[in-house]
Structures are given as C-alpha cells and as structure tokens.
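Labels run A, B, C, D, E and F following the written order; every chain starts at residue 1.
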Amino acid sequence: MFAHTKQLQYDVKPDRPDAMFAAKLQEVVGGQFGEMTVMMQYLWQGWNCRIPGKYKDMILDIGTEEIGHVEMLVTLMARLLEGAPSETQAEAAAANPALAAVLGGQNVQHAIVTGGAAMPTNSQGVPWNGGYIVASGNLLADFRSNVAAEAQSRLQTARLYNMTDDPGVKDTLQFNLARDTFHQQQWLLGIEQLIEDGYTDGIEDSLSEEEKTGPGHTFYHFTADSKAGEGRWAQGTTLIGDHEIQYEPGLPLTDDLQEIPAPDPLLHATYDGSKGPGKPGNAAGAYGQGAENVLSKAKEKLTGE
Amino acid sequence: MFAHTKQLQYDVKPDRPDAMFAAKLQEVVGGQFGEMTVMMQYLWQGWNCRIPGKYKDMILDIGTEEIGHVEMLVTLMARLLEGAPSETQAEAAAANPALAAVLGGQNVQHAIVTGGAAMPTNSQGVPWNGGYIVASGNLLADFRSNVAAEAQSRLQTARLYNMTDDPGVKDTLQFNLARDTFHQQQWLLGIEQLIEDGYTDGIEDSLSEEEKTGPGHTFYHFTADSKAGEGRWAQGTTLIGDHEIQYEPGLPLTDDLQEIPAPDPLLHATYDGSKGPGKPGNAAGAYGQGAENVLSKAKEKLTGE
Amino acid sequence: MFAHTKQLQYDVKPDRPDAMFAAKLQEVVGGQFGEMTVMMQYLWQGWNCRIPGKYKDMILDIGTEEIGHVEMLVTLMARLLEGAPSETQAEAAAANPALAAVLGGQNVQHAIVTGGAAMPTNSQGVPWNGGYIVASGNLLADFRSNVAAEAQSRLQTARLYNMTDDPGVKDTLQFNLARDTFHQQQWLLGIEQLIEDGYTDGIEDSLSEEEKTGPGHTFYHFTADSKAGEGRWAQGTTLIGDHEIQYEPGLPLTDDLQEIPAPDPLLHATYDGSKGPGKPGNAAGAYGQGAENVLSKAKEKLTGE
Amino acid sequence: MFAHTKQLQYDVKPDRPDAMFAAKLQEVVGGQFGEMTVMMQYLWQGWNCRIPGKYKDMILDIGTEEIGHVEMLVTLMARLLEGAPSETQAEAAAANPALAAVLGGQNVQHAIVTGGAAMPTNSQGVPWNGGYIVASGNLLADFRSNVAAEAQSRLQTARLYNMTDDPGVKDTLQFNLARDTFHQQQWLLGIEQLIEDGYTDGIEDSLSEEEKTGPGHTFYHFTADSKAGEGRWAQGTTLIGDHEIQYEPGLPLTDDLQEIPAPDPLLHATYDGSKGPGKPGNAAGAYGQGAENVLSKAKEKLTGE
Amino acid sequence: MFAHTKQLQYDVKPDRPDAMFAAKLQEVVGGQFGEMTVMMQYLWQGWNCRIPGKYKDMILDIGTEEIGHVEMLVTLMARLLEGAPSETQAEAAAANPALAAVLGGQNVQHAIVTGGAAMPTNSQGVPWNGGYIVASGNLLADFRSNVAAEAQSRLQTARLYNMTDDPGVKDTLQFNLARDTFHQQQWLLGIEQLIEDGYTDGIEDSLSEEEKTGPGHTFYHFTADSKAGEGRWAQGTTLIGDHEIQYEPGLPLTDDLQEIPAPDPLLHATYDGSKGPGKPGNAAGAYGQGAENVLSKAKEKLTGE
Amino acid sequence: MFAHTKQLQYDVKPDRPDAMFAAKLQEVVGGQFGEMTVMMQYLWQGWNCRIPGKYKDMILDIGTEEIGHVEMLVTLMARLLEGAPSETQAEAAAANPALAAVLGGQNVQHAIVTGGAAMPTNSQGVPWNGGYIVASGNLLADFRSNVAAEAQSRLQTARLYNMTDDPGVKDTLQFNLARDTFHQQQWLLGIEQLIEDGYTDGIEDSLSEEEKTGPGHTFYHFTADSKAGEGRWAQGTTLIGDHEIQYEPGLPLTDDLQEIPAPDPLLHATYDGSKGPGKPGNAAGAYGQGAENVLSKAKEKLTGE
C-alpha cells in the first residue's frame, strides 16, 4: 500500500516558462527510458521478487522513489507551460519570429488535450506503453536491464541539460543526473551482491549444461575486411568457463538450404508440388502419426485400458 | 551492402510438427527481446557508430549474424507448422482431446494470415515494433542495453527449452543458448575495451561535473521496515568517485507543495482564481516578459540597430 | 446497410488555407476523442444493442450522423491544406519568417503521405486505434462513457476555436460545439430513460448483493494533511443505498505482506528457497491436488463410472 | 512524494492456483479500464489540478489508493500462477484433458516472459498504453470520464466474478466491487460539488455563447423507421437552457458537395484540371495572398516602418 | 452525409453459435485486411479524390457498401457468441473436453469487455489502427493498394471458409468471396480506365525524367547460386520504356564506406576524434556556413537592404 | 545466412547537413511504406516461399538488396544531421529566424535519443511495426501487395524529391526512384510468370467454385446521383469468367433486421427480455444442443462405445 506527501522530493522551479523545452522533456517523462518506465519497471520487479528482505525491499524502495520522480517532472512541465500560446494565427506567427519559433517547437496536445500540462507520451507524442518495461523474475537479467535503463536515461538527461540555460531547470536536472549515476552503480552493486550470495556467476547461463560448446566461445565475423578481431571480445579468455575465445569467419555450420515443407492444401499457399502433397490440416497430422494413435493414448489414460 | 547464402547458419530440424510450440516460439522471434530486436538493434548501432574499425565492425558483424538467426527461427516455425490444423469445427474438437489441446494453444494467424508460417509478432500476436530497440550513439550505454537484451533473450530461450522434448528443436536451442552466453560476455568485454581505450569509466556519467553531490551517493528508503540497508548498494564505497554510500530515509528535500500556476483562460481548465489571473496565452507571455522586449531583440539582431 | 448523399451535413468553408491549423485539427479527427472515435463507438454500441426499438435506433441514428462528421472534417482539412508548402528548403525558411512559422507547425505527412489531405491520426501523428472505443453491451456504463466522450470532445473543440480567427472555420466549429452540447444532454437523458424504464438505478451495480458493505461507503485518505474530507464525496449520504459516507485514513485492512510463492524451478526465477521448493509446473499441480484426482473426475464424467 | 507499506490494502488469498483465471484477470490489470488506467489517470489529474485543497487532495488520495490496487492484483496473479504449466508437450496435453484445458486458456507470457507473474498487458497481451488515460485540466469533463471508467471497470469485475468459484478470489473481488460502486458515486458527488461551487452547470459548455442555436437542441434521425423519437432524448426540455428538443429528419443543411481544391502539382495527386491549376506549394500561397504581402507585414512589425 | 437502413445487405444467419469460430472471424473484422480497413480506406480515398464524377463516386459507393459489411460481420459475431461460456472453472473444463476446447479457442474479451459481441481488434486482440489504411491522393498507387487488399482479404476469407461447416456461415462467406473477386477486378478495371483517360501509363512514375537510367531496368542478384535469372522479371523487355532488362550481380556502385561524421560534442556520442572535432550544434553550423551568412540573407529580404 | 560489405550499394553524399529534411526522410525509412517495410516484407515472403528456385531466389535477392537500402538511408540521415542544433534556447530562436525554422521542423529524438542519427520510426515518430508487412504464402496476393508498396514508396520519394535542392540528396533519390520503377514492373512480371506457370488466372479466386454468382459481377451504387456507372468497372465484361458486369442500386438482399440474440444473464448486458431468456453461458449451450449430447459424442469416440 502507498501513502502520499504533498511535498515534492526535490525542487522543480523553472525561472520562466518555456513551452519548447517542455515538448522536449516529454522524452524523459513518457519515452522508452522515461520516469514512467523506471517507476513501473521497478514496482513490477519488486512485487514479483520471490526473495523477501533486502532484495525485494531495495527494488520497491527505488520504485516508490520513482513515482515521486514522475510527479516532479509532471509538475515541472505544468510550470514550463504557463501561458503557452493558445492563440496561433499564422499571420501573427508570420510577423513574429518569437511566436513562430515557439509554435513550431511546441507540442499542441499540451494545449488541446491537457490544458497546459504534461502528456503520458514521449517527445513525439507516442503514448507510453507497457512494452517498454522488463520484469522477468530473474534478478541478474533484470538488474542488467536496470543498469541499461539508468544509463540511457542519464544520457538523455545530459543531452537535455545542454538544451536549456534556465537555472531552475538545470538545478532539477542536476539532481536527476546524480540519482541516475547512483542508480547505475546500485544495480551493478546488486549484481555483485547476487554473486556474493551465490545466485549467479554474473552471466545469465541457466541450463548451461545443455548449451553447445563451440559456439559458446567463438566470435564469427561476417564482414569483408572486418577489424573486429582486434578487440578484447575476439581474443583472450571468456569471462566464465575459462575458454580461449576463437575468432572465425561466419560460415554455415549446416547444408540446410532453408526449404520449408509442402503446405496444407486448405490454406491456398502457392506451391509447385515438388515436395509431394501437403499434409492434411488436422491435429493428428500435426504429430506425424495417425489420429487414432493419439486418441488411443488418450483413451488409455482416461479409461485405464 | 549485404549478400545472402542459401545455407542456414545452423540446423533447424524438428523431429515432428508442433503448432503449440510454434505459438510459443513467436516470443523469441518478434517479442521485446526476440531475434528481430537484436538484429535491428545491432545493425542500427553499427551503422551509427562513429568510430571506424574494431568497434563498428564488431557491432555490424553481430548484427549480420542476427539476420541469419531470424531466418533460422522463421524456417523452424514453418517446419513446426507443417500440417497445422486448418479444420477447426468445435464438434470435432469436442470429441477429440488431442485436437482440442492443439487448437487452444495454437496461434490462428499462423493459418489465416501466413498460410502456415511465422508472424512478425510476439507470442500474444502483438506486432514487433521499433520501440523495442536501443541505439543512442553512446557505446557504453548501448553495450549495457545489449548485455541486458542477451540475458533476457537467453532466459526466455531456457524457459522454452524446458517446454519441448523434440530433439531437433532442442538441438537448435542449444546453439542459441550458447550464442547468448557468448554474446553477453562479448558486450561486457566491449565495455572493458571501452574503459581500456579511455572512452569511459564504466558508468555513463557525461557532465559529471554538473551533477549534485549528495544524491549521487545516497540510498533513500521509502518503505517502513525496509531491509534494503543490508545490501551492498547501501553501504561501502561507490564504484566511481570513491564516496561512502549513505543510507537515509526518503524525505522531501524541499517544501515545494506541487502547486501549479493559474491556467491560460482560453484553455478552459477548472480554476478557483486563487493564484490570480492566468497569463494570456501568447509567445510573449511565455517568456515572462513583454512581447515588445522579445521583438526588439529580434529586430536588433536582424537590422543591426 | 448505409447510403450516401453528396451534400455534407453542414458547411465546411474556410476563408483561406491554413496548414498549421489543419495540423491541430487532426486531434478531433483521429485522436482519443476525435470524430472517428464517436462514429465507431456509437455504431458498435448500436449494432450490439439487444433492445430493439428506441434505444437501438437512437444509438445508430447518432452513429450514422457521426460518419458524416468525419466526412465534414476530412473535407475541411483538404481545404485548409490547399497549396500547403511542398517546397521546404531550409534557406528559404531561414529568410522568410512566414514560411518558417508554417513549416514548423505543419504535419509533413499531409504532404508526403496523403498529397494534401487529412491523416487517420491524432495531432501527433499517432494512428487512430480501436482501443479508444467503448461498447460493453451495458447501456448505463456505455452512456456514461458517451457523456464523457462528448464532454472531452467539446472541450477540445472549444480550445481549437480559440486558436483560429477564420470565420468559415469558426462557423463549422460553432455547429460542432452545439452538437456536442446537445449530445452530452442526450446521453444523460438516455440514463434518465434507462432509470425510468427500470433497467438501472443510475449506478452500475450488477451483483450488488455480493459486494462488501463497508468499503462501499468509505472515503479513505492517503495524503498527509489531506483536505479531501471537506467535499461532498466524504460526507452526507450515498447516492444509492442510503448509507452515511465514512471518512477514514487509508490503512491496511490485512496483514498480508505481499509475499508470493516459490517459483516453478523450470522458469529460472531467482529464489532463496525460503518458502520451500516450488511446485512443479504441470496442470495437476495447478489445482493443488494430484493429477490423478483431476483425471479421475474427467473419467467419471466421460465414462459414467 | 510517496511512501510504501509492506501490508496490502486488502487480502488477495486464492484458495488454489488457477492459471486460466489469471489470464482473464489481465483485463482488469492492464486493459482499457484496468487498475493501471485509473491509477495513472487519477495521479495525472491530481498533479495537474489547479485548485489547491479539497479537489486536488481528493483526486490524489484516490490515485494513491489505486497504486495499491495494482499491487493487490499483481500479487493475486503471482499466487494464481503458482506451479502453472511449464511443460507443454503436445502429446501430454493430448492425453490429458485437464492439461489441455489449462494450456489452451493460459497466457504463455506468464511463463516465458515473467517467470510466473502478471504482465502489464490486457487479457489479449496488448501492452497497457498512455492512450487509455484522460486528464484534461477541466474537472467536469474529467469527472465524467472517471464515472465512466469506474462503471466499465466494475462491470468487467462483475463478469469476472461469475467466472470463478474460488472463495479467496471472490473475497478480493467483493472488495473491488464495493470500491467501484463507491467511486462512481464519489465522482458524481464531485460533479454536484463543482456545480455547488459555481464552476459549471453540469454540461461542459465553455464558449456556449458562440455555439449555433438550432443544432444545440435538435435530434436528427438518419434511419428509415427509426423509433428514436419515442425516447426522452427526443422530446421535452433540454437539461440546460430550457429549450424544447426538436425531432427532425437528418437532412443536409448545406448544398456543399464535398469537393476539394486542385492539388499542388508537386504532390502528384491524380487530377483532371477541372478546378484550374493547383496553387503552388509555398507559404505565401498558403494564405491566399502574395508572399510580399505577408513579408511586408512582418517587416512592418519588426522595423517599425 | 449518410443514412441507415435497418435491413442488412445480405444474410448472416449461423445455424448455431460457435465461439471458437467467432474468435477466428475477428481477423476479417479488425485485422490488417479486415472490413474496417477497406471501409475506412475507401471512404478516405473517396473524400480526398480530386476528380468529381465517376472516380470519386465509384470509390465512395464501395466505401459505403463496406460500412454495411462491417455491420454484417459484427452482427454475425454476436449471433455466433450466443450463450458463449461465461462460467470457466478449470475443474469443469478439466472434466469436459467440449468445454476445454471452446475455452482454449475463445477470445475472453468477447465475454469480459463486450458482453457477447465482436471487438474492434484482429484475431489476436490487437486493436485495429489507422496505420493499416492507404490513401495517397494518387489513384494509380491507391488502386494498386486496393487490389492487394481485396486479394489478401479474399484469401483469408477462403481459409476461414475451410474452418467451418456451418451452412449459414458458409452462405455469408460465399457472398463475401464473390464481392472480393469482383472488387479485385473493379480496381484493376479502374487502372485500365485511368490509362484510357490518360492519367498514367500503369506504373507510378511521377518525375520519371529525373530517375537514373541503368538501375531502372536491371535485376541485381545477391544470393550465391540464385536462380532468379530464370524468371520473366530478369529478361525480356520492361513494361514501360521499352528497355531490355539486365541481369547483374549486386555489387557496390560506390566506394562509400558508410562512415558518418564527427558528432556534436554536446550529444555525448562515443567518438575517437578521427574525423576532427564535431561541428557545434547550432543552426548556422547546420548549413555549412556562418550564421551571419544566413542572417544577412534574412535581413536582406526583410529590410530590402 | 548473410554477409556484409562495407561499401554501400550507391552514394549517399549530401552537399550539406539539413536537419529539417532528415525529419521528413524518416517517412521512407520507418513509415508504412519505408525501406524497413519492404526489407522485412520481402525477406519474410522469401523465407516462407514454398517453391524452391526462381521465385524464392528472386524474392530473397530483392529482400537482401533492401537491407542495403535501409543502410543507405540511415547513413544519409546521420550525414544530414551533422551539427544539428543541440542548443535550443527559445530566446535564441526568437532572435534568429534561421534557427527558428530549423527547430520547428526538426525531430528532437534525433538529438535526445540517437545522438545525431536516424530513428526506426516514421516522420511523426511512430515506431515501425510488423503490422505493416504482408506475407501470406500466396504469391499472387503477395505480389499484388508488393506492386502497391513500391508504387506508394516511389510516390513518397517523388514528393520528397521536390522538397530538397541538395544535389547529393537528389542523386541518391534518383537511384531510389529508378529502383522503385523497376520493382513495380518486376512484381507485375512476377504475376505474368505465375500465370504462365499455371499457378493463377491473375485474380485471387481460391475456392471460386463456392462463391455466389450474382454478387461476383455486379456493381452496387449507394450514392444518390452516382456517376459510377460511367466507368469501365460498371460495364463490359469481367476480367475472368466472361460475365457481363451489372450496374444496380445497392439494396438489401435480405429482410434481416440486424437483431441479435438475448444475452447470457451472467454478462449483465442491458436487455428487455423481448427475445426470451438468454441461453446460459456454458459450452453445451454454445452448440444449440444439450451438454449431454456433446459429451456422449466425446465418450463415444474415446471409449468406442
């Protein structure tokens, strides 16, 4: 359960409105790596964490902080949008370069849809969606995703920082830069802790006993004159398993010519008959054996005969 | 430019068709971390890499390999869908548990839309989209995303591996597991190389000189009775900058009460007048100064007066 | 079945082209509450209305009118886009503030994709989608959605009205404002009629006999210093059921600590074993009883034994 | 800013796992009217409310409660998914109707993507998106949307309630039914309060002085033999303005034949020349006057001449 | 403007309900080539047709017919869904293969969201969206898209026809098959008419005078051992322009090595400096000339100096 | 499997950066008919082609070429974006028409997300998605879709060509125009070849023996005063089957009044009882016959009794 405090976590006090910058800020509110993403991603990971205690609590602590970061940016947006142009006659714009500049760089949904406030979209107006978030139940894989999200998010914040000279906005972004720097480290430290606690060797390798050996330590190159062999990824020892990395041209490891079977005639695919008649489309056919065979197994199980 | 070879990179030879498993495999073809994602992500990163040589070539080598992985899985799907049910009368299903099982777990677009082949969608039929990929131009941030993508992708492959006992399918997945294990390491080694080459300290901290100090090394906890303080992320030294990590309750660092300004009256937002009249919606107002002021600056610049 | 008349329902005669305003108008063509939404929403509700006569006919009458409203706005857009800029050299724009203003606020798909006409998208270019519409088969719930859609749609129209001074455009929007005013009332009158005809008490409360009593008339507050208790929603009598509304702090009504069960080991979730081994992943386990138990029930039913 | 409590707001204790029901529950987690929608909708409306005090606090109180409702349902899902099938060989399913039933109705992302937990999607796997939420800054329009959302959400919950006989699940849903009944009333009482406080007459009619008179109180019928005239919406007095509602056949109110202008020749639209040559595509042409005219106005303003 | 008739265009009278087939039919209601697509595509093309008379009227005639086709299929769906399962206890399903079959193949939104009716989605639950439709203003290009849409739509209908043995459903689909056969021809005849009327030579080749000559009649092959040279597309004469088609290996026509320029330093892209310093990010730099140069042109134009 | 060459297929050498044109070019990179669409569409069709030899090879040859076209355009974009504005203070823009023009027409994701490079989106920022592509397994239907895609793509390229005067960009687009002209013909020649090889008569008419006769050669008109009868599509002989085309008013061919059945009472749809009680929602009801009937059939099949 959650509770709310009227105070924000940190100041969001722009010196002056700036509708153009508000349009850009949408990217870190509702974009792929905006605050909505990390908020939902961490809450979701925390709720689904199966280890009570330090891991679950840590993830939910940060998820809860991130709700407040969405709140901060949405507030900042409303302040930046104060008095944003609602009159937009083209003639007026034509005669006024200041107006023209703002109109061109403004997000018109800020006026038409929200009445002077943020949208739950990215900087292009694409609605935030659940396809951005990652929560697999596997903490190593998820912490890797979290490091990446914080790195991308911080990079976008740094780029935005260079696009404004409003001291109040810069002050807020300086806070966000710091949190993103710390959060990257925190998720990396989370991986260290997972290794220390014996949950992983740092590489997601569940079922490692099943995987092929050779392709697990070979760099294949597919470009003529590739210089990829000069990098650490193509020489030296693997990070786990102590294999010598091989560097080889990417060649087919099979003579399988990518042919596919004859189609079910009821699906009207174009076909020359070269592979014989298509298998009839029914469940029995789907298992490469007669329907009676499958049914008799089912009967056997159900009736004990 | 690209060229094509008819041979596949590796075998995709199921022992028998299995429409239910084909429906599940869609997740690693066209899902958030499917082969379409890594293929497009690496090609895009490679084309936009600004360092000619080992980095650009390496990224494009792997991107090119991944086109062939999409090809492999699409071929595997067509083979798994051989003779998949095109007749689906409910009565037949009612009398035949085998048919019922297959129908329930089948993706009907495999019959209706593609005529017995894969779809460019995830396991729920959601079309693959460009919002899944990451290519920022910053190699540290992107390699972090690539490690995460390979970890999530491998995890999904391992889960799928447990859902089939077809030796041919397992053989293909063993190859994919191995490549995902190697690729995770390769991107981590890429980060090592970036550090060695002096591009980064391993944390995305562009403009680090601008960020706030305290929030850059403090863990704030927001949950009553949080155990988060027991983890490495809340104690010891930061990974960069040699700070002692602080562990503190998450309190407001401001008394800003999240109030937002009076609305532009032309936007018809509900308002009680408590903050005075809303600023009129025009560009001049947008900058907290008279229009004449802005215009005179423009004039000054343009006419030299 | 439908028939078409070449005359429009009402005039759409702009005094002059205005590509910037056309870009904004997209919001009420293909946005969340645009004409495409109400057209599809009402047609869909009407086709699925299970009461022949005045209700079904009324809904379809309005749905049919709305097809004509899409037609009107699409026509208006083509006229506003007459001679819209197809030449967009940056230098020309740089030297011509009028051109710069128009280019910045223009939707380039109007030129590149449609050749001077409307798009089936909102003002940000996001395609209209079926996720906007509501048609539940329950007329009370749907009429509530329709009142809301007309209110939001009218509000957006009023905001747009303030953004143009073209008398022809204003004339069209005055017609639309009037229809939206009337349609809000009509759906509210529809609710009155539903109550009068005995279909509802005005609150969607199917299965009201099953719901919990206390939480059905209590306002929980979750914000420190909340003033929410001062409103009518937190005091006085409920609209149905004649309960006194309670005003209480939002506290947990359970000591359930949000823990979740041990994971299926085949899914490779991170887990410390604290809740014992995960249940094996098969259907029998899914019902907390042996597979044999379920199967014996199935057998019993099928074989009569 | 927000804080978190480990206790849930109310019990979510299913008597037994049920992967099929979990698949259905996704609709009220991440669907159009799921808990994610109302949570984000109310938080967004609250943050953007421009009236400090009872309105803003009330909206944020409920938004904060809804975060906890997402938490409740996500927890319920993980419990329903305990031991959900991870082995799905078709032959096993064929021989076991219990397994077949569960497999067919199961959401495979619950296994492949989340490892036994909820997805941020609807019951069809479509990711939740920001296009579902409504926050216009106009409280009447938004409260209308909120009543509708609670009515639709409660209806879906009632339908789901009829699809399970698990006492623990029913207990949770009884709590949700009660909250949805109360929340519908609360938003309707909010409208009463808005009227009492003088913000609205109950119909969103900003700029009512501008709208056309006749179309504001006329029901147009477009269906042969329509019975729509028998309803309250087609007779009696309007809810505001005291007009007698007219009932008239839907006829064109103009002789405008939906013709559109000649295309810009640079856009290569098909055209017979019947309306003369298309206007050249540049900004000057866009205003039906010479470029010099626009430029001279701009110059006049900028240079004061 | 449109009018409505209560009679359907053709019978939609299933002999019996069939929830599984209803789930499949969604593909031709709200899928990529469903009736919603052709309805919106033709209405949009018709409204934006710039040739009054036979072309515009023909397109709108068919668009209007298609509204009635959506109506037919939505009605068919509600009838197929009569009495569709609302009780779905897993145990009942486990014991009843008939119920299991239906549940597995059923679309649960048909119960939870619409109360026994169609959804505006495809067979996977993905909402119909405006990105499916095509309306470019160029009749040749659009008629080509229309032929394709009718061909794909008819193919899907034929596949569905093979999946039911309900005589009433088959009767409806026989009507749809016929219309799709006719409509394909009609759009092809439309192209013949366009050629006869002198609008096109049958290939969209606007600006043909500008295009490169060689690449306009050469087939490049990129696959080792490609047999593509055996087809008509690689030999003989082009359809327009009377060129002999060339068949050549796909080789680079340039030595451009896909390098890209130094990045703007304010964007923090990873870069080795090998191409010199990045150009500073401002508009003047964007045109490869000093800002003064651009500004002086602007001044010249505005002030006449 | 694929291989990569560092050389591009053709030059992409703009004379100067142009961020505004880069924003427009996104349409033909990641739009409905951009290079990503044809690349994925042809690869997918080729992989799923069931005729080894000239057809499969031809489709894959072109698909492989198109990967290189995406590469070309992505490279062109990075070059056009060199030094694109990263500083965007509104005051600077206000005083500098050149900057204002560029800012308004620029895609801010080019700076914030990619650091000066292309996005996998269309010109409005909507991510490319798999719902754009077509691959049905039926070569006639797919070649029709391919002709249409090339025609739309070429039209958009021609429109873009008119929007730039950069000789380097024009040179690249001249190459693309030529390929699109050729590719249209190639797919039409593919249809000729399909006819010659006996796969089709040129109209997708699978199951033609089942379709209704009359509606297969009748043009129905639905508009008062329609002139559609003047076109070739409404007179003369059909392209297949040698029928005389009929021209008739669109009248209902049934007296079916679009009524739908009584709802399942457990779904809480609004209903007046006029059609009797709704059928109970269970599988037996779903087949219009007693559950016992279905079950006895199942038993019969399974137990042989």
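We adopt the following convention: contacts are C-beta pairs under 8 Å (C-beta built on N, C-alpha and C of every residue); 3 or more make two chains touch, one makes a residue touch a chain.
Note that this is a predicted model, so its numbers are computed, not measured.
Looking at the partners of chain C and chain E together, the chains they share are A, B, D, F.
Between chain B and chain F, the superposing rotation on Cα atoms measures out at 180°, rounded to the nearest 5.
Computed from the mean C-alpha positions, the centre of chain A lies at a distance of 25 Å from the centre of chain D. Mean C-alpha positions place chain E and chain F at a centre distance of 3 Å.
Centroids built from CA atoms put chain C at 28 Å from chain B. Multi-chain contact residues of chain C (touching two or more other chains): 1-9, 18-19, 32, 47-48, 55, 60-61, 64, 71, 75, 78, 86-87, 90, 94-105, 111, 113, 115-117, 121, 124-127, 129, 131, 136-138, 140, 155, 158-159, 162, 206-207, 222-223, 250, 252, 257-258, 260-263, 266-269, 283, 286-287, 294-295, 298, 301-303. On the chain E side of its complex with chain D, the touching residues are 1-6, 47-52, 55, 86-90, 93-97, 99-101, 103-105, 107-109, 111-113, 115, 121, 124-127, 136-140, 194, 199-200, 206-207, 301-304.
Remark: chain F residues 18-21, 23-24, 27, 31-32, 97-98, 100-105, 122-126, 155-156, 159-160, 162-165, 222-225, 250, 252, 257-263, 267-272, 274-275, 295, 298-299, 302-303 touch chain C in the complex.
Only residues 1-5, 7-9, 30, 36, 40, 43-44, 47-48, 60-61, 64, 67-68, 70-71, 74-75, 78, 90-91, 94-97, 113-121, 127-131, 133, 135-138, 283, 286-287, 294, 297-298, 300-302 of chain D touch chain A when the two sit together in their complex. The touching residues of chain B, when paired with chain C in their complex, are 155, 158-159, 162, 266-268.
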